[in-house]
Structure formats: structure tokens, C-alpha cells
Amino acid sequence: MRFFENKVTDIHIAYIGGGSRGWAWGLMNDLALESCISGDVRLYDIDMEAACDNEIIGNSLSNNVSAENEWRYKAVETLEEALTGADFVVISILPGTFKDMESDVHAPEKLGIYQSVGDTTGPGGLVRALRAIPMYAEIAAQIKVCCPDAWVINYTNPMTICTRTLYQVFPRIKAFGCCHEVFSTQELFVRILKEFRSIEGAGRNDFKLNILGINHFTWIDKATYKGMDLFPLFSEFTERYYEQGFDGPPPEAAEAYFDCGHRVRMDLFKRYGIIVVGGDRHLSEFCPPWYLKTPETVKEWQFRLTPVSYRVKELGKRIARAKKLVGGEEKWEIEPSGEEGVLQMKALLGLQDMVTNVNLPNYGQNTGIPLNCVVESNVLISRDSVIPLEAGKLPDDVNSLVMRQVINQETIVKAGLNKDRELAFRAFANDALMTASIRDARKLFNEMLENTNSCI
Amino acid sequence: MRFFENKVTDIHIAYIGGGSRGWAWGLMNDLALESCISGDVRLYDIDMEAACDNEIIGNSLSNNVSAENEWRYKAVETLEEALTGADFVVISILPGTFKDMESDVHAPEKLGIYQSVGDTTGPGGLVRALRAIPMYAEIAAQIKVCCPDAWVINYTNPMTICTRTLYQVFPRIKAFGCCHEVFSTQELFVRILKEFRSIEGAGRNDFKLNILGINHFTWIDKATYKGMDLFPLFSEFTERYYEQGFDGPPPEAAEAYFDCGHRVRMDLFKRYGIIVVGGDRHLSEFCPPWYLKTPETVKEWQFRLTPVSYRVKELGKRIARAKKLVGGEEKWEIEPSGEEGVLQMKALLGLQDMVTNVNLPNYGQNTGIPLNCVVESNVLISRDSVIPLEAGKLPDDVNSLVMRQVINQETIVKAGLNKDRELAFRAFANDALMTASIRDARKLFNEMLENTNSCI
Amino acid sequence: MRFFENKVTDIHIAYIGGGSRGWAWGLMNDLALESCISGDVRLYDIDMEAACDNEIIGNSLSNNVSAENEWRYKAVETLEEALTGADFVVISILPGTFKDMESDVHAPEKLGIYQSVGDTTGPGGLVRALRAIPMYAEIAAQIKVCCPDAWVINYTNPMTICTRTLYQVFPRIKAFGCCHEVFSTQELFVRILKEFRSIEGAGRNDFKLNILGINHFTWIDKATYKGMDLFPLFSEFTERYYEQGFDGPPPEAAEAYFDCGHRVRMDLFKRYGIIVVGGDRHLSEFCPPWYLKTPETVKEWQFRLTPVSYRVKELGKRIARAKKLVGGEEKWEIEPSGEEGVLQMKALLGLQDMVTNVNLPNYGQNTGIPLNCVVESNVLISRDSVIPLEAGKLPDDVNSLVMRQVINQETIVKAGLNKDRELAFRAFANDALMTASIRDARKLFNEMLENTNSCI
Amino acid sequence: MRFFENKVTDIHIAYIGGGSRGWAWGLMNDLALESCISGDVRLYDIDMEAACDNEIIGNSLSNNVSAENEWRYKAVETLEEALTGADFVVISILPGTFKDMESDVHAPEKLGIYQSVGDTTGPGGLVRALRAIPMYAEIAAQIKVCCPDAWVINYTNPMTICTRTLYQVFPRIKAFGCCHEVFSTQELFVRILKEFRSIEGAGRNDFKLNILGINHFTWIDKATYKGMDLFPLFSEFTERYYEQGFDGPPPEAAEAYFDCGHRVRMDLFKRYGIIVVGGDRHLSEFCPPWYLKTPETVKEWQFRLTPVSYRVKELGKRIARAKKLVGGEEKWEIEPSGEEGVLQMKALLGLQDMVTNVNLPNYGQNTGIPLNCVVESNVLISRDSVIPLEAGKLPDDVNSLVMRQVINQETIVKAGLNKDRELAFRAFANDALMTASIRDARKLFNEMLENTNSCI
């Protein structure tokens, strides 16, 4: 890298999962819009064809009139090649195939266990973790060799487990995990402010939220908008919308899998008096099966079970689009992704400090969770530095729900790294959604590992 | 009290709940069998008639040929009278009536929530706690005034909550809670040793068990018999009997409400690798509804739901017996109760040290649970001293189940002492058995409080 | 307060110790230079004449050509009048008289105990604390009544003890303590960078220092300048200057009481491998008497014992200047004080975030020191919010030196609030500088309390 | 081993340091007096001649009329031979020669650092530790191989460091460290009871003392004699004897090196309100140089500096006696040593439970000291089991003195195991007695390591 005044050039980014048509495209967009940084992006993916497509798409952006600079993209064949000399490493991979995910999400249904996402916790999330852990162990080991001082940004789920694995394998790594769940909560507040207080045009950054918990099961115990306490407001909101839901998907709506009526969020507010950040579909998986008992329960709570078939269909559309972009049949419109990855890089380069929420080992920022477990909290990002802001701790009852998950996550990481199948089953059987008998749980566990060719 | 060599005379015992026909009768038996201690017992009960009956029964024991001494019994009209100058205080009360207990145990059934006991945790245990807490607050306040140096032994459930309340109100109190659940586990080991190792005549005291957890949800992580590790043995036992159960009640057996086939204990051993101490009917209430989902589930797991109607019937028999004893129609046969209360008193008098398990605030004996919460562990009892033995901590996953209960118990104690109904509901809704919606839970909570004239 | 765009008007500041001719004058300067904030400052001081002088001086600033706005100053007669409705409270008082301080600093010398400052720790600091604690208890109680939502900035020593007292008396107070010791360390780095790396023009804000410890005994375990690790540099510096000192005061220099050769700082670096922030004269008081054994030892270590006579003389000069300013004989030149108080206010008003080091109760930012004790660390200051940055913990051996002080401070606060003279003596006798026998210590303690009319 | 009723035969004891003429002779005595245990003792010593002498002496005891059994003694040539198959391992070695100890104790005197013992802490204790650590590492490694289930009793100083090393190298070891300092405190209480309360014949076991701290710096915060609180009594004692001392050695007495007037103990009682267990000569080394400033200070405090020349002379006498015993010129009188080693073995064999104080890793018994550091507390010893009694924690100010030592001990163990000379120096320079400059400390450290051929 070279630093001049407020510019940095010759930045090397390694993108692991560089064939991605989601996070990678977002990053390309955002990089193209920054005039103060430039360099190259090495795209590594086990799907080399997808990486090559992205090389073409990425390089074509420079010709775009909105582009503020010229980033060079290059698909590479090995992890080592991508990482060597990298200043930043971005990781967004799919740990396994959609066929694996089909098993993760749907196999447990035969025991009456429904998962709305299946990539973070629950039986599906844990089996996915067992695939992801060796991949992350390998990545961490290579980073140690090829670019030990690089900053590593992870987007893959299960977020907590992937990030924890990086630190277990290479404790001095400079890694953190990012998730956009908080953004949608900020946007919900914008809408509530408008409806309940007639405040127009509140921006995401006008909110101060104290973030506590773990990824996808994250909570806010203090929230202000320009100094105004948002808790009384959220209380009014809950009073008005608890029963009917707030702007939930019409029951008959096809494919509105990411929409929800915020009833789970409101229900948890009524139970515990604090506000959850995660979306209903994620956080319902961390609770006892209050919200996921049956598909009908899910419907009542106004969220959706995302079927893997939908993901397959969506991917088909994206692949088709990629081919058009590569072939020049479609032209890319550069527009901000709304994600923060590039802003975080700029902050790490010293161009502009920022406060945001990320996932990091607990250095003390959450005093209710053991040190070193990965937690989500606000951090201050500045030149070569990510420092957690002290967040305090959750109310004891909420914390005990979180701790049950933390302990299962710790167990699964240990099981995955040591290839200890019995230990992995122990976490599986102890999952909050696991209502089946130990015998059925064992059978399901074996089946799910077999379905997904798990090497544990 | 007067001490001579190995004798102590003029001991004053206050018995709160002195009309009891269970624990009180046991104590009378055991006191009569000790030649080295003597004194008087003041019986206080809100049912004065029952206390007067016990006065007559107790005093009659001295005439019994097996009696080793002469204890004087006296029913008294006020708590103050009972406590003033007491050296020991024994508490075994029923917090409320059987009609209250009827509501505690059975009201939740309409929401599909089944409780096998209903006096310790679960919705019933928590509502019972709300009745017990003010009673214990009153007792503690009177002890502070009338006999601050007395040793206080509690037998009432919910054990943890009652004991915690005593310490909250009078922090310098010398109190502990006793429970016999460990004895039956020791007896189970005796039977297993006989069947699997052909060892005859093992005695309860030949076992060394490291005790961890909270009352009725207590675990053993180390167990030896004369230096022999019992874990491999318990593993064999589980292999042989997991499916069929060990000596469970025949499905058609009437009223075998306290019997069980130890299948829950074996299931938890398979899940977590350590042995639970509590009986199946108690500990199933602390888990997610794995064992209490429906009455059929309970049957499969080979334990029973104890209906309150049974308790009413049993009490009727005991009252009838009391009347016969008072009237001299039946003669009392003095025999050891198998309980340890009198041994504990002797130890506290310095007559003979003992090691046993009791419930005490956590001074550090359990390093996985916050200080001051009431935990069960082994202690050394000697002259005027009860010192916990360091027990270490439970495996993390088991500990997280225990912690969820600990936190609910802490919450309910706080709610009960401050008469904070909202806080009490928070614990109620967060109970491990509470599968109902927050709305139904709220309705049930209100109904149960109304049923039982709760003053919260 | 009224907020418009990037301006805030009608701000009310209460200045306790408003007759101050040090911190107060600095604040007046800095307020005058800010165009975006305005309001009034109420000056309260037990020396009403001094407050009235400052009213005149403060109001005259508006006429100054460099003034960017018009702040109104007003001396008030009661604490209540000053505080009512305040948005900010600034406290810089002298706890007692210079005669008291004469006793604090010099009385212990007869036992061979030398103090270079005597206002923070050591026998003098502790006796001063006993005077300050009731004053701060009174201030906190009044803030609770008059302006519970105000932000309170404390400058008075003993910093830790004063800040702790505020929180003990009014736990919801929004207070922090500020000290400029870190600035001089930053300036030392600027000079070292110039001499050892030929880097010119490094600014105070180009340094990132991780701050750990307690006020005046504060340490840095990570330090970078624009991404460059400063530890190897400080090591070189120590190698070159350890023996001779770096720019220490000439031995014969009169009155250079605040200068030092940084030999203590270098010595502690050699001992513990991390860098102290505090100046030599402060931190030598926290160590065993390594540096303060005799006046000769002090000289060898190239720092100075500040005699109270010097402070008296300096004050005389300042009073004379005040009179000239009031009388118009001297004209005020407005210039930035170099302090951060006004920047902090702007940040709290939401005008511009800042990261700086302040003293706050430990919410977890220092994982080596018990929660709630007051520690110094970096914080993020933004609209109505001061959030500590997680700082980790000191190396164990350094932490044990700090903990000895923390415990003494906690003891003295408790003693001061409860007027418990015996407890206060316990801290006094346990002070790191207290080498005298318990008998001599007791005599000294009584004498020092008598000298200073202590009400304990 | 073979167990019959209340007898155990065929016990194998390995004695490391088996040429010892102190602890070993005591053990021989005590073993000879026990009718319920028998077996053999393998004596290993680098001084093979001494071990052979002890073989002869030990075997001769069986012929003694007072002997209750027949133990066989055998000097062996290797550690492995001694340990293989051992049921118990006793370790009492001298880590180095008296010439080494001469350097440990007296070399620091040139810098004005006086040590009354020099084997536990202080510069001498730390350098001795650096010799002991590799020896203990070797012993632990061999125990792991030769007798992993043996119980290991350590008598060697520095006790804490030796015990900690055993656990660091072989974490599953069943080891504890024993010290008789508590006995002499019990005997002091016997004398005080007689003088102040006219109570005759109090026995050591009539006292209940709650033991807290680390070996030789151990404290009691609760003490009773048959239920009587001993603190008011100790307070009276201190009032009467603080100035004059209690039965201290006459100033002119030659060689009364182990006597003291208990003035240090009383002084610490006046400072901190609790009672120290250790003798004055040991505990003065753990404090700042309050009691060891100069030889005159020591005299005033009525204890003695034990010169190594005295130890040499005493050893000469013992060697001479050994030769007489071997040659049959002197006949052995069997008499109880007053030590508890054999009682502890009997308890571990299940013959009789006992409560005593030993040194063990902290499992939670001391809540003020980090887990795993070696602490001294009461324990319950029973069949194959040593369980700490929960002891709570020291008052904060005392704990901070103890923690400084704990941290130095942890550092020196780490330094010794990793042969990290710089780290060792860090502890050396941070010792509570180290008043010299860092330069002089460094010079002394190098010299002391050279004097003693340290391999670090």
C-alpha cells in the first residue's frame, strides 16, 4: 500500500469466495464508488468459473461513467495465491452445496423441528458449522503464513463459529465478522419515528444503539435518536402492533421469505423489556420452540420458513444475470450496496474513523459472557485498529438464553477442530430447538452428517 | 445448653410447622433415640390443634421403652414464643393449603403444561414461592430478633428460594437447607453394586459423591465406592436398563407416585455424561419439556405425575393416625427416620463431625454459579460450623441449564421480597416448562395468583 | 439548550470552584474561541470575591477581538443556584487551604516520607481525600436534586477518589474526570520521533495509545504513530537516555518543579516493559519508595519535590494578575488552553465525536480491576454519551501495584463517606510510601488530621 | 496395597530426599508407631551415603520395643527405582547446597537486603526456586510415568513454587504441600488461653481456624476454641504484649534463631485486624521491608536472622548423630514427631478422616486469588481424596499484599520452566524486599545465579 495525503493506492484485497454473486458484487460496487482508494482484488473460489466471471465483471466496472477509480480484478487458482501479500481478506463462502443446505434445513422437519434459516444455529446451523470449521481452519492457517498482518472481514454464516475458528487457529489474526441485521432495525426505527412522531428523514447514523449478544441473537438495551430515548417509543409501537403485526407479509404472498411482521421482536420485548436486533427469522431459531413449533405457529408469528428450493431458484437467476454481464448483454449500474465493508477498509486505512457493530472475541466488552467467546458489539474502527466499545451485559434472563447458545457454539468449534464426533453430538442434542428424544436426535445427526459427507 | 463431656442438655429447639405429621414425626423419632442430647421442643404451627396433638404425641415418647432420653414438647401460640432463646430452629411448613397446591399443580395443565411435583420450579413452584417468600421473610426477621445465633434447618420447598430468602432478610443467619434426594441415589448405587458387581451390604456412607448444582437439580461428577470409580458401572447400568427402565412402577400400579424407572436419570447421563442426583419426578421439571410433554410422555419415561388429590388422601390417613396416637389407641414404634437432622444437630454441638450435602449460599464452593446464590454441595459440619467443600463446577452445557433456573429463582426472590408482580411474571414466563404464548402465560399467572390469594 | 444545525445556544454551565485562576481561566479562553456554542456560566466558589473577579474577567472577554461569541458569566452565592438547570457542571476546587496542603505534603517528612506532589496518594493525598470526600458528597447530592441529567466534568485531585465519591452518592450521575498527563506523554513522543526518526510535525492526535490504570498511575501497553509501533522507539530512547536523563532540569535550576528527566518513566519501562503515562513526580508516589527515599534520591532521578511555599508564591502572582485584569490594567490575550474540556462539551452536544482518555467507573473496560472502581481509559465521546473503549488489562505485576492503590482508594472513600476514622487509618498505614512503624504512622495520622481540621 | 478391615499392608512409599536427617527421621518415627499400616520405604537421595545410613537406621527401628510394626527401608540408586509402583511419594530435598544457600541468604546483604530465612521469597527464595523448579519438573515427569496414581506429599521450600511446578508438569498429579507453621500458632493459642483465661490442657485439635493465603504468608480470619471466639482474646494479648513482646529470645541469647517475641504477628494484627499464622521470621519476608530494614530493626521486632553458618553447624551435629545411630553407638528413642504426614497417609487410605491445612492449586477455596495458583487452606482428607474447604477470601488490603507475591511466584515458575532469564529477573526486581535500583538488582541477580551455578 502507498499512502498519500488522503489517498491510498496499491491496496491488495483477497476475496475468498470470489465467485460470489451477492457479497462480491456489492463490494465491487462500493469499491468503484471510492475515489480515495485503489488497488487490486484477487478472487479465489472453488468454483473457478464463477471467479473468472467476476474478474470480467469487476474489470468492466472501471469503464463505467460512475466509477471513481480503477480496481483490477483477477481470478486466481489457489488460496495461497490470493492471500500472499494481501492487505485485506474478505471471506464470503458457502460452506457446502445447496444440496447440503437442503439437508441442514429440511431433514430435521421429519422430527417436527422447523428452521426458518438453518445457517446459524439449530441442527442445521450446527451441521453447517461442522463443514465450515475445517474450511476456516485452513484459511486461518494460510493467512498466518501468507499475510499475517492483513485485516480479515468475514461474512459467512455461522458467523460466530467461523470467526471463533479463525482466532482459535491463529490467535494473532486481525479478523472480525460483519452482519447487516442492525441496519434493518435502524430502518424499522426510521419508520416508527415517522409514524409515531412525524419525524421525517432520520438517517441510519442518527441512532445510537448499545449492541449486546451474539450474531443473529443480538439485543439493544439503550437506544436513542438525537438524544431521544427510543424505548418509550418502541413500547407504544408494541402496544399498537403486537397483535396485528407491523407490515408483515400477506399470508398468501409468494416468496416473501425475508419479510416479517416483527411480532417475534415485539413478543421478546414484552417478555424481556429490551429490543432484539436480529430479524424474526433468525432469532426465533435461538429461542425455545416458541415461534417455530409448527409451520402454523410460524404463520401466526408472521414470518416465513425459507425453503432451500427458493435459494436454488434465486441462484439460477443470478447465474443467468452473471452470464449476461460477462457477455455484455447487460450493463452494470453502479450503486451503493448499503453494506459497510468498504467504509470499514477506509477506516482501517486511517481515512475516516467509524463506529459500527462487528463480531469479535470478547475482550471484556460484554461482561456477561466469558472472555474470548465471539460476541457482537459496537467498535471503533480507526487506522489499523478495531477496538470494542464497552457494552456492559444483558439482563440475566436474556443472558442465560444467550449463554446456552454460546456454550453450544464453543462446543461445536472444539468438536470441529478436534474431529470429535461425540462432542459434536452433545451440542446437537443440547440445541434449543432439539425437542426430539436422544435416540431420534442421534439418528438424525448421523443422517445429516452422511447427507452432507461430513468428515467428522 | 449445657455441655458435659460428650453430652449436651437443655437444648432448645423451635419447630416452625410443628403440627407437621411428616418431618416432625421423623425428628421426634430420631431425638428419642439419642442418649447424648436432651432438652425441649417448642412446636409452632398456624394449625394450633395439630401442634397440640404433636405435643401429646411427642411427650408420650419418653415413656416408650426404646427412648434413650426425655425430650419435652410444648405447643406454643406465637412464632416469637417458639424462637426466643432457641439453639436450633427447624422449619417444615406447607406454604399455603392443598387447595393452593391444587392450583399450582393442575391449573397449568389446561395449557398443556404438566408438572410431576409442582413445588420447586415450573409455574407451580414459582407461584408457591411467591407464597413462601413472605413467610420466610417473617421467620428470618423474627430469628434476627429472638435467636440470632441459632442454627436454622429448612426442609420446606421450594428449598433454594426459601433458604435464599432467609439470607436476604438476615444475612448473618446460620441457616442451611436439607433434602434427602441424595440418599435415594446412594441406595440406587447399593442395588447396582449388588447386581453388577455382586457387592453386598454397601452402606450409604461408603460412597463419596461430589455434589454440584441446586436442590432437586443436583449432579454428581465424581463418585466412588471404597475407592472404586462408579462411572463405568453407571455406564453399564445405563446400557442394560436405558430402554426398559430399572424397576419402574408397573403401568397399572395405583398410587406409586414416588416410584420411577430411572429412565430420565439414564437419559440425562447419555446426554451429558454425568449423573443426576435428584429423582426423575423432580428433575424432569427443570429440563425443557423433554419428559413432561404429555401424560403419555411421562408414562414412557416411567415416572408419575403426583396429583394433589393423592396428597389430600394421604394427609387424611395421617390425621386419623395422629388422633389415634393422641387418644392412645395406637402406640408409637420408635424407629430411625433415615433423615440426618438429628445427626446434623449433634455435629453442630461438637459431638461428632459429619460430611453431608446441604443447601447454602455459594461462597465459592461452586465456581460456575454466581456467589451468594443458594447451591447444594457437600459440607463439613462440626462444632458451630458448616463449611462447604470445594466442588468445582458443572460441565458448561449442564451449567447453562442450571443457570437458567438460578436466574429465575433469583428473580422470584427479588420479586417476592419487593412485591413486584411484573418481575414475578418475568420469571414465570421464562420458566423452562412454559411453552405457552406470553398472552396465555399472563392469563394463567393472574388466575393462579387469584386462586391462591397471593398478596403480590 | 437549543439546537440549530451545527450550533447550540443557551447552554448553562455551572462552575464549582468558579474563583479558580487556573482551570477556570483556561475554560474561559476555550469557550471564547468556539463559534458554535454559547450560553452562560455560573461561578460558585467559597471565595466569593474570586468568583466575582472571574465574573468580570469572563464577561470582558466578549469584547475581545478574538472572541467568537458571547458567553455570560455570573458569580452566584450558593451551590444550588449554580447547579439548578445546568447542562454541564465543571468542578475544580482546592479541597482545603494551602495551609492544609502544607501539612499534607510536609508533615510526613519528619518520618522520612517525601512526597513530590502530595495531592493524589501517599499520606498527603489520603488526608486530602478525607477533606474532599464530604465536599464531593455534598456536590453529588445537590446535582441529584438540581440537575440530574447534567454532564459533570471533574478536574480536582485526588481525581479517582473524587469521581468515585460522586458515583457512590448518586449512582446515575453522568460524571467523568479529566487529566492532561497523557498530553505531555504525547508531546514527549513528538520530540522522540523528531530526534530518533527525523519526523517533524507529528501532532498529538496522530498517536494511538491504549490507556490502562488509574489517574496519575496510568500506563500504555500499545502505542502507534500513524501505524508505526512506538515501543521499539521507546526502547532506543531508554537505551540512550536512561543514565543521563532526557532534558531534565539542571540541578541548580530554581523552581523547575514540573520538569523532569524522565528517568523514572524509563526505569519503570526497564522493570515492566510498558510505558507509563503519568509524569515522574506523580508516579513515583505510587511505587514503593524507590524514587522518593530521600531528597538526594529524588535529585538522582531528576525530578523535584514541589514545596507548598512555591504554590503559595505562584498563587500570589495569579491573584495580582486577576486584580489587574479586573481593574483593566492588563488586557486578556485569548489563546487556546490546550485542555480538552470544551471539546468534550462539543462532543457531548453532538457536534463532533472524539476519542480521549478520562476517568470513569470500570464497566469492564479494564478487565484486571474490579467493576465500579474508577479507572482511566480511552472513551468515545459523542452526543450525550461517554462510552469506554475496551482496554484489556495490565501485565500482572504492574496490575498488582495498581491494585494496592485501588484498594486503598476504595477504603478511603468508604471511610470518608462513613466517617470511619479507624478505616481511614488502615488505608493510611497501608500506603505504598508508608515506611514508618504503625505507632509513628498513627501519631502522624492524628497530627495531620488535627492540622487540617478534618471532621472524620 | 492390601486392605483388611482397618489395616493396610504392602504400602510402598518413595522418599525423595531419603538421606534427610530431619523430615525423614520424623517420618520413620511416626511410621513405627502405627500398628495399622505397614510396607516399605524406598529412599532416594543424590547423597547415596546418607540414604544408606537412613536405610540402616530405619530398619533398626523394627527392633525397638516401642515399634508397632515392621517397615522395611531400602536406599535405591535412581529416582525411577524409588517411584515405580509407589503408593505415596514424600519429597523433602534441599534444592542445592548450603554454599548455594549461603549466597541466597547473604549475598543480598551487601545491598542492605536482609532475609531472616531466605528459602521462600525475597531474592534468596526466588533464586532457590530457580534451582528447585527443574528438579520438581523432573520428579513430576517421572511420577507421571512411574506412579501416576500415587499421592505426593511435598515438604520442600519454596513450598508454593515446588507444588505449582508439580501440577504444571503433570496436571493430573495428586500432590499437596505440607507445612507445620499452623501448629505453632495453635500452641501459641494454648499458652494464651492459659494465661488469659486460665484454661489448661487445650489441645491442638480443639481449635478451628479458617486458613487463608499462601504458605508462610497464611492468615486466619476466624478462630474458635470449643466455640469461643479467639479474636477478642488475641486483641487482649496484643494490648498486653505488643510493646514488650511475648516470650521473645533474650537479646544476648546465642542461636535462638527460631524463637520470636511475636511482635511482627501482633503488628500485623494491629494493621489489618486478622491473625497471621506464619512465624515472624517467615512472614516478615513477604512484607515491605517494615521488619527487615536493618539487623537492628530485626532485633527490635524480636526475631532473628538465621545465618547459614548455623545451619551448617547443626547439620554437622546431625551427621555425627547419624553415624552413631548407624554404628549402634546411640540407640533411637521412638517418639511422635508432631508432624502429620503419617496421619495424612492413614486418611488417604480410608482409615480415618482428618481436617488439616495443606497447599493445593486453587479450585475456588480462596475466592480472592486466581484459580490454579497454589494456596493454603483447610482440606478434608479421606479415602483417596483431598478436598479443600471453602475458605472465602482475605480482606482486600491483605489480599493485595498476598497477590503481589502470588504473581511473582507465578512468574518465577513460568521463567524456571521455560528457562527465561529475563522473566526471572522481572520477578526478582519486583520482590517486596527489593529496595535496590534496577541496575544493582541486575548485578546482584547475575552474581547470585553465578554463585549457585544456575542453569537458567
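Labels A, B, C and D are assigned to the chains in the order they are written; within every chain, residues are numbered from 1.
Following the convention adopted for this analysis, a residue touches a chain if its C-beta (ideal position, glycine included) is under 8 Å from a C-beta of that chain, and two chains touch if they have at least 3 such contacts.
Just so we're clear, the structure is a prediction, and the values are computed from it rather than from any experiment.
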Applying the touch definition from the top, give me the chains sitting in contact with each of subunit B and subunit D. none
Between subunit A and subunit B, tell me the centre distance in angstrom, where each centre is the average of that chain's C-alpha atoms. 47
Per the C-alpha centroid definition, the whole-Å distance linking subunit A and subunit C comes out as 44
Between subunit A and subunit D, what distance separates the C-alpha centroids? Give it in angstrom. 57
Of all residues in subunit C, the ones touching two or more other chains: none
Which category does the touching pattern between chains fall into here: line, ring, star, complete, or other? ring
Residue numbers on subunit C that touch subunit D, as the complex places them: 267, 270-273, 288-290, 396-397, 399-401, 403-404, 407-408, 410-411, 426-427, 429-430, 432, 435, 437-438
Could you pull out which subunit B residues touch subunit D in their complex? 208, 224, 226-227, 350, 353, 355, 363-367, 371, 378, 380, 382-385, 387-393
